[in-house]
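What follows is a pair of complexes built around subunit A, which joins subunit B in one and subunit C in the other.
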Partner chain A sequence: MLTALLRSRAGRAACCVIALCAAAGCQSAPGFEQLTEPAIEARWLPWLRDAQTTRQEIVRTLGEPTQSYEGDRLVAYHLYLSNPKQVVTPTNFSTRYLAGFGKIQPDTQLCAEPAAPSPETELRVLLSPATYGLVLVYDRGDVVRAHTLLWRAR
Partner chain B sequence: MKRATVLAARSVGAVVMILVIGCASETPPAKVAEIEQRHLSFIRDGATSREQALLQLGIPTGTFEGERIMTWRLVYNGEEILPLAARHATEDPRYTVWLGPAYNLVLVFDAQNLVQRHSFIEVR
Partner chain C sequence: MRATLACMFAVLLSSGGCILIPTPPHKSDSLPTRQNLSPKAAAEIQVGVTSREQVLLRFGEPDATFDQQRRFAYLWADVVAWWFASGGYQGDAGEIGQGCVLEIDFDPRGIVIRRAVRTPTLADLFTRQIIGGVAYAPPQTVESPP
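Here is the complex of A and B:
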(Lines of atoms letter the chains of each structure in order from A and count residues from 1; the text may use other names and numbers.)
(Lines give C-alpha, C1' and ligand atoms only; values in the text may rest on other atoms or scores of the structure.)
Protein backbone atom coordinates (compact mmCIF):
# COMPACT_ATOMS: atom_id res chain seq x y z
CA MET A 1 0.00 0.00 0.00
CA LEU A 2 2.86 2.35 0.86
CA THR A 3 4.55 1.56 -2.46
CA ALA A 4 1.35 2.43 -4.29
CA LEU A 5 1.09 5.65 -2.35
CA LEU A 6 4.67 6.62 -3.16
CA ARG A 7 4.15 6.03 -6.91
CA SER A 8 1.79 8.99 -7.28
CA ARG A 9 2.92 12.59 -6.89
CA ALA A 10 0.00 13.36 -4.58
CA GLY A 11 0.85 10.33 -2.47
CA ARG A 12 4.46 11.41 -2.11
CA ALA A 13 3.36 14.91 -1.15
CA ALA A 14 0.98 13.50 1.46
CA CYS A 15 3.77 11.35 2.91
CA CYS A 16 6.04 14.38 3.10
CA VAL A 17 3.38 16.40 4.93
CA ILE A 18 2.78 13.55 7.40
CA ALA A 19 6.53 13.15 8.01
CA LEU A 20 6.97 16.90 8.55
CA CYS A 21 4.04 17.04 10.98
CA ALA A 22 5.44 14.05 12.88
CA ALA A 23 8.86 15.70 13.07
CA ALA A 24 7.34 18.96 14.25
CA GLY A 25 5.34 17.09 16.87
CA CYS A 26 8.49 15.42 18.20
CA GLN A 27 10.21 18.78 18.61
CA SER A 28 7.31 20.67 20.17
CA ALA A 29 8.07 22.20 23.53
CA PRO A 30 6.37 21.00 26.72
CA GLY A 31 3.24 22.89 27.69
CA PHE A 32 3.47 25.46 30.47
CA GLU A 33 1.10 23.39 32.64
CA GLN A 34 3.58 20.53 32.61
CA LEU A 35 6.31 22.81 33.94
CA THR A 36 4.50 24.40 36.88
CA GLU A 37 5.73 23.56 40.37
CA PRO A 38 2.58 21.59 41.35
CA ALA A 39 2.90 19.49 38.16
CA ILE A 40 6.58 18.82 38.78
CA GLU A 41 5.96 17.88 42.42
CA ALA A 42 3.04 15.64 41.52
CA ARG A 43 4.94 13.73 38.85
CA TRP A 44 8.49 13.52 40.19
CA LEU A 45 8.36 14.32 43.90
CA PRO A 46 5.18 12.70 45.29
CA TRP A 47 7.33 10.85 47.81
CA LEU A 48 8.55 14.11 49.38
CA ARG A 49 6.39 14.88 52.42
CA ASP A 50 6.95 17.24 55.32
CA ALA A 51 7.23 15.52 58.71
CA GLN A 52 7.75 12.14 57.00
CA THR A 53 10.62 12.06 54.50
CA THR A 54 14.08 11.59 55.99
CA ARG A 55 17.41 13.04 54.94
CA GLN A 56 18.54 9.50 54.07
CA GLU A 57 15.67 9.07 51.60
CA ILE A 58 16.40 12.47 50.06
CA VAL A 59 20.09 11.70 49.55
CA ARG A 60 19.29 8.23 48.20
CA THR A 61 16.96 9.73 45.58
CA LEU A 62 18.50 13.12 44.74
CA GLY A 63 22.10 12.65 45.82
CA GLU A 64 24.17 15.16 47.74
CA PRO A 65 22.63 18.65 47.83
CA THR A 66 23.88 21.39 45.54
CA GLN A 67 24.19 23.77 48.48
CA SER A 68 23.73 23.60 52.23
CA TYR A 69 23.48 26.20 55.00
CA GLU A 70 23.47 26.42 58.79
CA GLY A 71 25.38 23.17 59.23
CA ASP A 72 23.22 21.18 56.76
CA ARG A 73 19.98 22.12 58.52
CA LEU A 74 18.92 23.89 55.33
CA VAL A 75 19.82 22.27 52.01
CA ALA A 76 19.09 23.16 48.41
CA TYR A 77 18.99 21.26 45.14
CA HIS A 78 19.17 22.72 41.65
CA LEU A 79 16.77 20.57 39.63
CA TYR A 80 16.41 20.30 35.87
CA LEU A 81 14.53 18.15 33.37
CA SER A 82 16.43 15.80 31.12
CA ASN A 83 15.44 13.49 28.31
CA PRO A 84 18.06 10.75 28.67
CA LYS A 85 17.71 9.52 25.10
CA GLN A 86 18.71 12.91 23.69
CA VAL A 87 22.44 12.91 23.17
CA VAL A 88 23.89 16.35 23.94
CA THR A 89 27.38 17.38 22.93
CA PRO A 90 28.96 20.83 22.65
CA THR A 91 28.88 20.53 18.86
CA ASN A 92 25.18 19.70 18.54
CA PHE A 93 24.09 21.71 21.56
CA SER A 94 23.32 24.96 19.77
CA THR A 95 21.17 23.24 17.16
CA ARG A 96 19.39 21.22 19.82
CA TYR A 97 18.74 24.34 21.86
CA LEU A 98 17.04 26.07 18.98
CA ALA A 99 15.16 22.85 18.13
CA GLY A 100 13.85 22.74 21.67
CA PHE A 101 13.83 20.25 24.48
CA GLY A 102 11.11 18.18 22.86
CA LYS A 103 8.05 16.76 24.55
CA ILE A 104 8.13 15.53 28.09
CA GLN A 105 8.41 11.80 27.58
CA PRO A 106 7.48 8.96 29.94
CA ASP A 107 11.18 8.51 30.65
CA THR A 108 11.95 12.23 31.16
CA GLN A 109 13.76 12.65 34.45
CA LEU A 110 13.90 15.39 37.06
CA CYS A 111 17.60 15.47 37.92
CA ALA A 112 19.57 17.18 40.64
CA GLU A 113 22.54 19.21 39.46
CA PRO A 114 25.66 18.28 41.42
CA ALA A 115 27.77 20.97 43.06
CA ALA A 116 30.48 20.34 40.44
CA PRO A 117 28.58 19.39 37.26
CA SER A 118 30.23 17.74 34.27
CA PRO A 119 30.28 19.64 30.95
CA GLU A 120 27.50 17.37 29.64
CA THR A 121 25.37 18.05 32.73
CA GLU A 122 25.88 21.79 32.27
CA LEU A 123 24.61 21.51 28.69
CA ARG A 124 21.62 19.47 29.82
CA VAL A 125 20.81 22.09 32.48
CA LEU A 126 20.90 24.80 29.82
CA LEU A 127 18.77 22.69 27.48
CA SER A 128 16.13 22.04 30.14
CA PRO A 129 12.88 23.92 29.45
CA ALA A 130 12.79 24.96 33.09
CA THR A 131 14.99 24.70 36.14
CA TYR A 132 13.90 24.65 39.75
CA GLY A 133 15.26 25.29 43.20
CA LEU A 134 14.24 22.83 45.90
CA VAL A 135 14.87 24.04 49.45
CA LEU A 136 14.52 21.59 52.34
CA VAL A 137 14.48 22.35 56.06
CA TYR A 138 15.35 19.43 58.34
CA ASP A 139 14.38 19.06 61.97
CA ARG A 140 16.71 17.70 64.65
CA GLY A 141 15.77 14.13 63.73
CA ASP A 142 16.81 14.67 60.09
CA VAL A 143 13.21 14.60 58.90
CA VAL A 144 11.97 17.23 56.40
CA ARG A 145 10.12 19.88 58.38
CA ALA A 146 9.32 22.19 55.44
CA HIS A 147 10.20 22.43 51.78
CA THR A 148 9.60 24.63 48.78
CA LEU A 149 10.03 24.15 45.06
CA LEU A 150 10.44 27.30 43.00
CA TRP A 151 10.75 27.72 39.25
CA ARG A 152 13.87 29.66 38.31
CA ALA A 153 13.43 32.16 35.51
CA ARG A 154 16.09 32.37 32.81
CA MET B 1 9.70 65.84 -6.77
CA LYS B 2 6.80 63.43 -6.68
CA ARG B 3 9.17 60.57 -5.74
CA ALA B 4 10.66 62.64 -2.92
CA THR B 5 7.19 63.37 -1.57
CA VAL B 6 6.30 59.66 -1.59
CA LEU B 7 9.55 58.82 0.19
CA ALA B 8 8.95 61.49 2.81
CA ALA B 9 5.40 60.28 3.38
CA ARG B 10 6.63 56.71 3.77
CA SER B 11 9.30 57.81 6.25
CA VAL B 12 6.77 59.72 8.33
CA GLY B 13 4.47 56.68 8.23
CA ALA B 14 7.29 54.42 9.41
CA VAL B 15 8.16 56.75 12.28
CA VAL B 16 4.48 56.96 13.33
CA MET B 17 4.22 53.14 13.20
CA ILE B 18 7.32 52.72 15.38
CA LEU B 19 5.96 55.23 17.89
CA VAL B 20 2.55 53.53 17.98
CA ILE B 21 4.10 50.07 18.45
CA GLY B 22 6.41 51.43 21.10
CA CYS B 23 3.58 53.01 23.03
CA ALA B 24 1.42 49.91 22.74
CA SER B 25 4.03 47.44 23.94
CA GLU B 26 5.55 49.45 26.75
CA THR B 27 3.99 48.95 30.14
CA PRO B 28 4.71 51.38 32.93
CA PRO B 29 7.55 49.99 35.04
CA ALA B 30 6.58 49.04 38.56
CA LYS B 31 8.39 51.06 41.18
CA VAL B 32 10.99 49.27 43.26
CA ALA B 33 9.37 50.30 46.53
CA GLU B 34 5.98 49.11 45.29
CA ILE B 35 7.34 45.67 44.34
CA GLU B 36 9.15 45.38 47.66
CA GLN B 37 6.05 46.31 49.59
CA ARG B 38 3.83 43.92 47.65
CA HIS B 39 6.09 40.87 47.38
CA LEU B 40 8.90 41.18 49.90
CA SER B 41 7.05 42.50 52.93
CA PHE B 42 7.93 39.31 54.80
CA ILE B 43 11.53 40.57 55.03
CA ARG B 44 11.89 42.53 58.25
CA ASP B 45 15.24 43.43 59.72
CA GLY B 46 15.78 41.71 63.06
CA ALA B 47 12.86 39.32 62.53
CA THR B 48 13.07 37.31 59.29
CA SER B 49 15.16 34.14 59.48
CA ARG B 50 17.40 32.61 56.80
CA GLU B 51 14.99 29.68 56.71
CA GLN B 52 12.06 31.95 55.87
CA ALA B 53 14.08 33.73 53.20
CA LEU B 54 15.13 30.48 51.53
CA LEU B 55 11.63 29.00 51.65
CA GLN B 56 10.15 32.15 50.11
CA LEU B 57 12.83 32.99 47.56
CA GLY B 58 14.53 29.70 46.80
CA ILE B 59 18.24 29.20 46.26
CA PRO B 60 20.27 32.42 46.46
CA THR B 61 22.22 33.51 43.41
CA GLY B 62 25.27 34.35 45.49
CA THR B 63 26.60 33.73 49.00
CA PHE B 64 29.43 35.74 50.52
CA GLU B 65 31.45 35.83 53.74
CA GLY B 66 30.43 32.28 54.57
CA GLU B 67 26.66 32.54 54.81
CA ARG B 68 26.50 36.04 56.26
CA ILE B 69 25.50 37.75 53.04
CA MET B 70 23.12 36.23 50.53
CA THR B 71 21.93 37.75 47.28
CA TRP B 72 19.07 36.95 44.96
CA ARG B 73 18.72 38.12 41.37
CA LEU B 74 14.99 38.52 40.82
CA VAL B 75 12.71 39.40 37.93
CA TYR B 76 9.19 40.76 38.12
CA ASN B 77 6.61 39.74 35.54
CA GLY B 78 3.90 42.10 36.70
CA GLU B 79 2.25 39.53 38.93
CA GLU B 80 4.94 37.72 40.85
CA ILE B 81 8.59 37.98 41.62
CA LEU B 82 10.78 35.12 40.39
CA PRO B 83 14.35 34.09 41.18
CA LEU B 84 16.59 34.31 38.15
CA ALA B 85 18.88 31.39 37.37
CA ALA B 86 22.54 32.25 37.70
CA ARG B 87 23.36 30.68 34.34
CA HIS B 88 21.59 30.71 31.02
CA ALA B 89 22.54 29.82 27.48
CA THR B 90 23.33 32.67 25.13
CA GLU B 91 21.59 30.57 22.47
CA ASP B 92 18.38 30.71 24.50
CA PRO B 93 15.96 32.72 22.33
CA ARG B 94 13.95 33.64 25.42
CA TYR B 95 16.96 35.47 26.81
CA THR B 96 17.53 37.55 23.70
CA VAL B 97 13.98 38.89 23.75
CA TRP B 98 13.83 39.40 27.50
CA LEU B 99 13.66 43.15 28.12
CA GLY B 100 12.36 43.47 31.66
CA PRO B 101 14.40 44.89 34.49
CA ALA B 102 16.06 42.67 37.06
CA TYR B 103 16.44 43.33 40.75
CA ASN B 104 19.03 42.47 43.33
CA LEU B 105 18.00 41.56 46.84
CA VAL B 106 20.82 41.55 49.37
CA LEU B 107 20.28 40.12 52.83
CA VAL B 108 22.83 40.41 55.63
CA PHE B 109 22.31 37.93 58.44
CA ASP B 110 23.40 38.20 62.05
CA ALA B 111 24.80 35.44 64.28
CA GLN B 112 21.26 34.26 65.10
CA ASN B 113 20.56 33.77 61.38
CA LEU B 114 18.12 36.67 61.32
CA VAL B 115 18.16 39.41 58.71
CA GLN B 116 20.24 42.22 60.11
CA ARG B 117 19.68 44.57 57.17
CA HIS B 118 18.63 44.29 53.56
CA SER B 119 18.48 46.19 50.30
CA PHE B 120 16.42 45.78 47.15
CA ILE B 121 17.58 47.60 44.05
CA GLU B 122 16.87 47.58 40.34
CA VAL B 123 19.75 46.56 38.08
CA ARG B 124 20.11 46.78 34.32
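Here is the complex of A and C:
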Protein backbone atom coordinates (compact mmCIF):
# COMPACT_ATOMS: atom_id res chain seq x y z
CA MET A 1 0.00 0.00 0.00
CA LEU A 2 2.85 2.34 0.86
CA THR A 3 4.50 1.60 -2.47
CA ALA A 4 1.25 2.46 -4.23
CA LEU A 5 1.02 5.68 -2.30
CA LEU A 6 4.58 6.70 -3.13
CA ARG A 7 4.02 6.14 -6.86
CA SER A 8 1.67 9.12 -7.20
CA ARG A 9 2.69 12.73 -6.65
CA ALA A 10 -0.30 13.34 -4.36
CA GLY A 11 0.57 10.24 -2.36
CA ARG A 12 4.17 11.38 -1.90
CA ALA A 13 2.98 14.83 -0.80
CA ALA A 14 0.56 13.26 1.69
CA CYS A 15 3.33 11.08 3.11
CA CYS A 16 5.59 14.13 3.50
CA VAL A 17 2.85 16.03 5.38
CA ILE A 18 2.17 13.04 7.65
CA ALA A 19 5.90 12.62 8.35
CA LEU A 20 6.28 16.33 9.18
CA CYS A 21 3.25 16.28 11.49
CA ALA A 22 4.53 13.16 13.21
CA ALA A 23 7.94 14.74 13.71
CA ALA A 24 6.39 17.89 15.16
CA GLY A 25 4.22 15.77 17.43
CA CYS A 26 7.23 13.84 18.69
CA GLN A 27 8.89 17.05 19.78
CA SER A 28 6.00 18.83 21.51
CA ALA A 29 3.36 16.34 22.62
CA PRO A 30 5.05 14.39 25.44
CA GLY A 31 5.83 17.49 27.48
CA PHE A 32 2.23 18.68 27.45
CA GLU A 33 0.78 15.23 28.06
CA GLN A 34 2.99 14.78 31.09
CA LEU A 35 1.53 17.93 32.61
CA THR A 36 -2.17 17.15 32.24
CA GLU A 37 -4.18 16.53 35.40
CA PRO A 38 -4.80 12.82 34.67
CA ALA A 39 -1.06 12.29 34.06
CA ILE A 40 -0.14 14.09 37.28
CA GLU A 41 -2.70 12.09 39.27
CA ALA A 42 -1.57 8.80 37.76
CA ARG A 43 2.09 9.42 38.43
CA TRP A 44 2.16 11.22 41.77
CA LEU A 45 -1.23 10.76 43.40
CA PRO A 46 -2.22 7.13 42.77
CA TRP A 47 -2.48 6.67 46.53
CA LEU A 48 -5.25 9.27 46.76
CA ARG A 49 -8.59 7.44 46.59
CA ASP A 50 -12.05 8.67 47.47
CA ALA A 51 -13.69 6.79 50.36
CA GLN A 52 -10.32 5.33 51.35
CA THR A 53 -7.60 7.90 52.00
CA THR A 54 -7.67 9.52 55.42
CA ARG A 55 -6.82 13.05 56.49
CA GLN A 56 -3.88 11.63 58.43
CA GLU A 57 -2.40 10.09 55.29
CA ILE A 58 -2.92 13.32 53.37
CA VAL A 59 -1.20 15.43 56.03
CA ARG A 60 1.64 12.92 56.35
CA THR A 61 2.28 13.10 52.59
CA LEU A 62 1.39 16.67 51.63
CA GLY A 63 1.64 18.51 54.93
CA GLU A 64 -0.84 21.08 56.17
CA PRO A 65 -3.20 22.45 53.50
CA THR A 66 -2.64 25.80 51.87
CA GLN A 67 -6.25 26.84 52.48
CA SER A 68 -9.25 25.53 54.45
CA TYR A 69 -12.99 26.17 54.05
CA GLU A 70 -15.98 25.44 56.27
CA GLY A 71 -13.81 24.54 59.20
CA ASP A 72 -11.47 21.91 57.81
CA ARG A 73 -14.12 19.99 55.86
CA LEU A 74 -12.93 21.40 52.54
CA VAL A 75 -9.20 21.91 52.06
CA ALA A 76 -6.99 22.98 49.19
CA TYR A 77 -3.36 22.38 48.36
CA HIS A 78 -1.21 24.29 45.89
CA LEU A 79 0.99 21.79 44.11
CA TYR A 80 4.02 22.34 41.91
CA LEU A 81 6.67 20.25 40.18
CA SER A 82 10.26 20.45 41.29
CA ASN A 83 13.53 18.66 40.80
CA PRO A 84 14.95 18.41 44.31
CA LYS A 85 18.49 17.79 43.08
CA GLN A 86 18.52 21.15 41.34
CA VAL A 87 19.82 23.82 43.65
CA VAL A 88 17.76 27.00 43.28
CA THR A 89 19.07 30.24 44.69
CA PRO A 90 18.31 33.90 43.97
CA THR A 91 21.68 34.00 42.20
CA ASN A 92 21.04 31.16 39.74
CA PHE A 93 17.26 31.64 39.47
CA SER A 94 17.39 33.66 36.24
CA THR A 95 19.63 31.11 34.56
CA ARG A 96 17.40 28.26 35.68
CA TYR A 97 14.28 30.10 34.49
CA LEU A 98 15.74 30.83 31.06
CA ALA A 99 16.94 27.24 30.73
CA GLY A 100 13.40 25.99 31.30
CA PHE A 101 12.23 23.15 33.50
CA GLY A 102 13.55 20.53 31.09
CA LYS A 103 12.27 17.00 30.89
CA ILE A 104 10.36 15.48 33.75
CA GLN A 105 12.93 13.24 35.36
CA PRO A 106 12.37 10.06 37.40
CA ASP A 107 13.20 12.01 40.54
CA THR A 108 10.92 14.97 39.75
CA GLN A 109 8.51 15.49 42.62
CA LEU A 110 5.03 16.92 42.99
CA CYS A 111 5.37 19.18 46.01
CA ALA A 112 2.81 20.95 48.15
CA GLU A 113 3.32 24.65 48.68
CA PRO A 114 3.01 25.52 52.36
CA ALA A 115 0.72 28.33 53.47
CA ALA A 116 3.81 30.38 54.34
CA PRO A 117 6.39 29.33 51.72
CA SER A 118 10.10 29.94 52.16
CA PRO A 119 11.90 32.18 49.63
CA GLU A 120 13.42 29.06 48.04
CA THR A 121 9.99 27.43 47.71
CA GLU A 122 8.64 30.57 46.05
CA LEU A 123 11.43 30.37 43.48
CA ARG A 124 10.77 26.67 42.89
CA VAL A 125 7.06 27.40 42.33
CA LEU A 126 8.01 30.01 39.74
CA LEU A 127 10.23 27.48 37.97
CA SER A 128 7.51 24.83 37.85
CA PRO A 129 6.18 24.21 34.32
CA ALA A 130 2.66 24.07 35.74
CA THR A 131 0.99 24.54 39.10
CA TYR A 132 -2.09 22.73 40.32
CA GLY A 133 -4.82 23.10 42.87
CA LEU A 134 -5.94 20.01 44.74
CA VAL A 135 -9.31 20.32 46.49
CA LEU A 136 -10.29 17.65 49.00
CA VAL A 137 -13.66 17.08 50.64
CA TYR A 138 -13.58 15.11 53.89
CA ASP A 139 -16.48 13.24 55.38
CA ARG A 140 -17.27 13.20 59.11
CA GLY A 141 -14.81 10.35 59.64
CA ASP A 142 -11.96 12.41 58.12
CA VAL A 143 -11.87 10.22 55.00
CA VAL A 144 -11.64 11.83 51.56
CA ARG A 145 -15.15 11.82 50.08
CA ALA A 146 -14.31 13.62 46.83
CA HIS A 147 -11.34 15.39 45.31
CA THR A 148 -10.36 17.32 42.21
CA LEU A 149 -7.04 18.31 40.71
CA LEU A 150 -7.05 21.32 38.41
CA TRP A 151 -4.48 23.45 36.66
CA ARG A 152 -3.89 26.73 38.41
CA ALA A 153 -1.54 27.98 35.73
CA ARG A 154 0.61 26.59 32.96
CA MET B 1 -16.11 40.16 -1.60
CA ARG B 2 -13.15 38.04 -0.53
CA ALA B 3 -10.94 39.70 -3.08
CA THR B 4 -12.01 43.15 -1.85
CA LEU B 5 -11.24 42.25 1.76
CA ALA B 6 -7.89 40.80 0.78
CA CYS B 7 -7.06 43.96 -1.16
CA MET B 8 -8.06 46.17 1.79
CA PHE B 9 -5.94 44.02 4.09
CA ALA B 10 -2.96 44.21 1.75
CA VAL B 11 -3.30 47.98 1.30
CA LEU B 12 -3.58 48.55 5.06
CA LEU B 13 -0.55 46.43 5.79
CA SER B 14 1.56 47.85 3.00
CA SER B 15 0.68 51.47 3.77
CA GLY B 16 1.37 51.09 7.48
CA GLY B 17 -1.57 50.65 9.78
CA CYS B 18 -3.29 48.60 12.37
CA ILE B 19 -6.12 46.12 12.02
CA LEU B 20 -8.20 44.81 14.88
CA ILE B 21 -10.12 41.60 14.22
CA PRO B 22 -12.62 40.63 16.94
CA THR B 23 -12.90 36.90 17.59
CA PRO B 24 -15.25 34.82 19.71
CA PRO B 25 -13.76 34.64 23.23
CA HIS B 26 -11.35 31.72 23.46
CA LYS B 27 -8.44 30.55 25.57
CA SER B 28 -4.95 31.40 24.45
CA ASP B 29 -2.07 28.96 24.30
CA SER B 30 0.39 31.69 25.22
CA LEU B 31 -1.49 33.33 28.12
CA PRO B 32 -1.41 31.28 31.32
CA THR B 33 -4.97 31.20 32.57
CA ARG B 34 -7.59 28.91 34.04
CA GLN B 35 -8.86 26.59 31.33
CA ASN B 36 -12.13 25.58 32.99
CA LEU B 37 -13.79 28.98 33.37
CA SER B 38 -16.04 30.77 30.91
CA PRO B 39 -19.39 32.54 31.11
CA LYS B 40 -20.98 29.29 29.93
CA ALA B 41 -19.29 27.28 32.68
CA ALA B 42 -20.29 29.90 35.23
CA ALA B 43 -23.92 29.48 34.18
CA GLU B 44 -23.79 25.94 35.58
CA ILE B 45 -23.82 27.47 39.06
CA GLN B 46 -27.43 27.48 40.22
CA VAL B 47 -28.41 30.12 42.74
CA GLY B 48 -30.07 28.56 45.76
CA VAL B 49 -28.86 25.08 44.81
CA THR B 50 -25.11 24.88 44.19
CA SER B 51 -22.94 24.54 47.29
CA ARG B 52 -19.47 25.82 48.13
CA GLU B 53 -18.24 22.25 47.93
CA GLN B 54 -19.59 21.84 44.40
CA VAL B 55 -18.07 25.15 43.34
CA LEU B 56 -14.66 24.15 44.71
CA LEU B 57 -14.78 20.74 43.06
CA ARG B 58 -15.89 22.18 39.72
CA PHE B 59 -13.67 25.26 39.49
CA GLY B 60 -10.92 24.63 42.02
CA GLU B 61 -9.64 27.05 44.56
CA PRO B 62 -10.69 30.68 44.03
CA ASP B 63 -8.14 33.37 43.29
CA ALA B 64 -9.47 35.49 46.13
CA THR B 65 -11.95 35.20 48.97
CA PHE B 66 -13.68 38.02 50.83
CA ASP B 67 -15.92 38.50 53.82
CA GLN B 68 -14.78 35.38 55.68
CA GLN B 69 -15.01 33.18 52.57
CA ARG B 70 -18.61 34.26 51.93
CA ARG B 71 -17.49 35.59 48.53
CA PHE B 72 -15.27 33.78 46.03
CA ALA B 73 -13.62 35.49 43.06
CA TYR B 74 -12.26 33.57 40.09
CA LEU B 75 -10.14 35.31 37.48
CA TRP B 76 -9.39 34.22 33.94
CA ALA B 77 -8.53 35.71 30.58
CA ASP B 78 -9.99 35.11 27.14
CA VAL B 79 -8.62 36.22 23.80
CA VAL B 80 -11.22 38.48 22.17
CA ALA B 81 -9.35 39.93 19.23
CA TRP B 82 -6.24 39.72 17.11
CA TRP B 83 -4.30 42.77 16.04
CA PHE B 84 -2.03 43.21 13.08
CA ALA B 85 0.17 46.25 12.61
CA SER B 86 2.65 47.20 9.97
CA GLY B 87 4.91 50.04 9.04
CA GLY B 88 7.10 49.92 5.97
CA TYR B 89 8.69 46.50 5.71
CA GLN B 90 8.03 45.56 9.32
CA GLY B 91 4.95 44.10 10.88
CA ASP B 92 3.74 42.53 14.05
CA ALA B 93 0.68 40.73 15.34
CA GLY B 94 -0.71 39.62 18.63
CA GLU B 95 -3.68 38.71 20.74
CA ILE B 96 -5.86 41.02 22.80
CA GLY B 97 -7.00 39.37 25.98
CA GLN B 98 -9.82 40.36 28.24
CA GLY B 99 -9.73 39.74 31.95
CA CYS B 100 -12.91 38.22 33.35
CA VAL B 101 -14.13 37.85 36.91
CA LEU B 102 -16.63 35.41 38.35
CA GLU B 103 -17.96 36.46 41.74
CA ILE B 104 -19.90 33.98 43.84
CA ASP B 105 -21.62 34.79 47.13
CA PHE B 106 -22.63 32.11 49.63
CA ASP B 107 -25.12 32.15 52.46
CA PRO B 108 -24.09 30.93 55.95
CA ARG B 109 -25.01 27.36 54.94
CA GLY B 110 -22.58 27.49 52.04
CA ILE B 111 -25.22 27.72 49.29
CA VAL B 112 -24.80 30.15 46.38
CA ILE B 113 -27.01 33.21 46.71
CA ARG B 114 -25.50 35.28 43.90
CA ARG B 115 -23.19 34.83 40.97
CA ALA B 116 -21.93 37.50 38.61
CA VAL B 117 -19.64 37.40 35.61
CA ARG B 118 -17.85 40.62 34.83
CA THR B 119 -16.27 41.04 31.40
CA PRO B 120 -15.12 44.26 29.76
CA THR B 121 -16.54 44.90 26.30
CA LEU B 122 -14.27 45.26 23.29
CA ALA B 123 -14.99 48.99 23.28
CA ASP B 124 -13.93 49.15 26.93
CA LEU B 125 -10.72 47.36 26.11
CA PHE B 126 -10.05 49.81 23.27
CA THR B 127 -10.80 52.74 25.59
CA ARG B 128 -8.49 51.29 28.22
CA GLN B 129 -5.73 50.85 25.66
CA ILE B 130 -6.08 54.40 24.32
CA ILE B 131 -7.16 56.45 27.32
CA GLY B 132 -5.99 54.28 30.18
CA GLY B 133 -9.29 54.18 31.98
CA VAL B 134 -10.80 50.98 33.29
CA ALA B 135 -14.42 50.39 32.40
CA TYR B 136 -16.33 47.17 32.81
CA ALA B 137 -19.63 46.10 31.38
CA PRO B 138 -22.46 45.74 33.89
CA PRO B 139 -22.10 42.30 35.47
CA GLN B 140 -24.40 39.51 34.35
CA THR B 141 -25.72 38.87 37.82
CA VAL B 142 -28.01 36.16 39.03
CA GLU B 143 -29.37 36.49 42.55
CA SER B 144 -31.71 34.45 44.66
CA PRO B 145 -35.10 36.02 45.35
CA PRO B 146 -35.38 37.76 48.74
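Just a few scattered comments:
In this text, the second predicted complex is superposed on the first by the 123 of 154 C-alpha atoms of A that agree within 3 Å, B and C clash if a C-alpha of one lies under 4 Å from a C-alpha of the other, contacts with A are read in each partner's own complex, and residues count from 1 in each chain.
Criterion: contacts are C-beta pairs under 8 Å (C-beta built on N, C-alpha and C of every residue); 3 or more make two chains touch, one makes a residue touch a chain.
Note that the structure is a prediction, hence the values are computed from the model and not measured.
Once the two complexes are overlaid through subunit A, subunit B and subunit C clash, as defined at the top of the document.
In the superposition on chain A, A:69 makes contact with both subunit B and subunit C.
When the two complexes are overlaid on their common chain A, residue A:97 makes contact with subunit B while staying clear of subunit C. Comparing subunit B with subunit C, the partner in contact with more residues of subunit A is B. By the touch criterion stated above, A:39 is placed in contact with neither subunit B nor subunit C. Within the superposed three-chain model, A:143 lies out of touch with both subunit B and subunit C [touch as defined at top]. By the touch criterion defined above, A:133 lies against subunit B and subunit C together after alignment on the C-alpha atoms of chain A. When the two complexes are laid over each other on chain A, subunit A has residues 66-67, 69-70, 74, 76, 78, 133, 135, 137, 146-148, 150-154 in contact with both subunit B and subunit C.
Interface residues of subunit B, counted against subunit A in their complex, comprise 50-51, 54-59, 63, 67, 75, 82-85, 87-89, 91-95, 113.
Across the complex, subunit C meets subunit A through its residues 32-36, 52-53, 56-61, 69, 110. Residues of subunit A touching subunit B in their complex: 66-67, 69-70, 74, 76, 78, 93-94, 97-98, 122, 125-127, 131, 133, 135, 137, 146-148, 150-154.
Within the complex formed with subunit C, the residues of subunit A that make contact are 66-67, 69-70, 73-74, 76, 78, 133, 135, 137, 146-148, 150-154.
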